[in-house]
Amino acid sequence: MNIHVEVREIGGLTLDAAEALSFVDAPGNGAGSLFIGVVRDLNQGRKVRGVSYDVFAPLAEQGFAEICAEAQEKWGDNLRLFVAHAKGRLDVGGISIVLAAGSPHRGEAFAACRYLIEEIKTRSPIWKQEHYVDGDSEWVKGHALCSHG
Amino acid sequence: MNIHVEVREIGGLTLDAAEALSFVDAPGNGAGSLFIGVVRDLNQGRKVRGVSYDVFAPLAEQGFAEICAEAQEKWGDNLRLFVAHAKGRLDVGGISIVLAAGSPHRGEAFAACRYLIEEIKTRSPIWKQEHYVDGDSEWVKGHALCSHG
Amino acid sequence: MQVNVQMFGEFRVLGDCLELTLPENSTVLDLREFIQNQVGEFELTELLKLSKFADEKAVLTDTSLCKNNQILAILPPVSGG
Amino acid sequence: MQVNVQMFGEFRVLGDCLELTLPENSTVLDLREFIQNQVGEFELTELLKLSKFADEKAVLTDTSLCKNNQILAILPPVSGG
């Protein structure tokens, strides 16, 4: 199997770049591209203490696998891909998503990794609730999902 | 200092993705893009056992720093950038280069990471000697450097 | 028939899930209107218009038929990743 | 004057570096021709034409003046990364 997709509950293992890179490595692969998303301390001018990620996990994992299959169709069946998204509350600096793509050459690895994050951002059933330093919390405004069929 | 550049002799510490990601992390950064180059087992149809990287280290590090400064000019002074290149002989699976870019948003991180690898590939005084499974070795054909001034 | 509708994002204010009893042969649109009538708050009814329903495999269209004991989810506009 | 020219890539067959004695006010072009004349092998002289000289800070043009005790490097076409 050359795809790994996962929604991981915070409180268990934390998301880990080394694990992702190790998964996408293979003797024929010369390039690995990795992306991590991290909770930052400021959003739209408000000081952030942490973010809660709400995830409809079975549908999210189904979607991740579909997006990976699309990437393999575009950039090669031999692409190795890793997707893991956190579920739960993270403090500033916490890793919300780890993506990696491994391939013989770097063009495909970069393109696939970028494709994964852009598609996951727009298509995944994931919601962010920001917790501010002033004690307030707010669900981040998003955009509507598309239904197919 | 938000730039780290290094030519690292093999035999000491190996190149490490976690170190690079940790360097480019910052409380205001929401995105990290990382690239690793790995020795693969096949090149142009020949089975490869390992690659020796010959590097003119002082000029290479000078060039890495210039390329990082160019990336910061293009995508923001607050970009944090990490460049490390191996010097010496690596077996298949060995990491020859680790690059990382950290920034508030993902567009800049991806663009900067891609810029670093493309420029380093064409501008750095680095030569690869491939060692084949059949016992033969060969310097990989390259392209001429440009002189400025 | 019974359906279990899981809440996500802002809909969490209604609880983690709603156990609803619907007429036989209800569609997702019927379910949507059922919830719309139960939720008095203006902001949530506006949000509901922008939301989709899904099962564990796919986002559903309003013409999809609901099944007895089905687990559904209400998906407000997403912001994740 | 003396210059130390470090070898890289295919030029490693000549050793790790060449200690050369050049006339005063020699340029990089003079150095290039000096080495060209010492290296008999056809393949290496062809490679030399595609190669650049550099110090530790920059790639040099053929009109650059060499300095006494300078450390230079001969850079064949690169393939790295």
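Labels A, B, C and D are assigned to the chains in the order they are written; within every chain, residues are numbered from 1.
Rule of thumb we're sticking to: contacts are C-beta pairs under 8 Å (C-beta built on N, C-alpha and C of every residue); 3 or more make two chains touch, one makes a residue touch a chain.
This is a predicted model, so every value here is computed, not measured.
The most distant chain from subunit B is C, comparing centres defined as mean Cα coordinates. Chain centres here are Cα averages; for subunit A and subunit C they lie 25 Å apart. With centres taken as mean Cα positions, subunit D sits 49 Å from subunit A. Multi-chain contact residues of subunit B (touching two or more other chains) are listed as 37, 117.
Chains touching one another, given as pairs, are A-B, A-C, B-D. Of all residues in subunit C, only 6, 8-10, 12, 50-52, 54-61, 73, 75-81 touch subunit A in the complex they form. Contacts from subunit B toward subunit A in the complex involve residues 17-18, 21, 25, 27-42, 92-93, 104, 106, 109-110, 113-114, 117. The residues of subunit B lying in touch with subunit D in their complex are 37, 53-56, 58-59, 62, 85, 96-97, 117, 120-129, 139-149.
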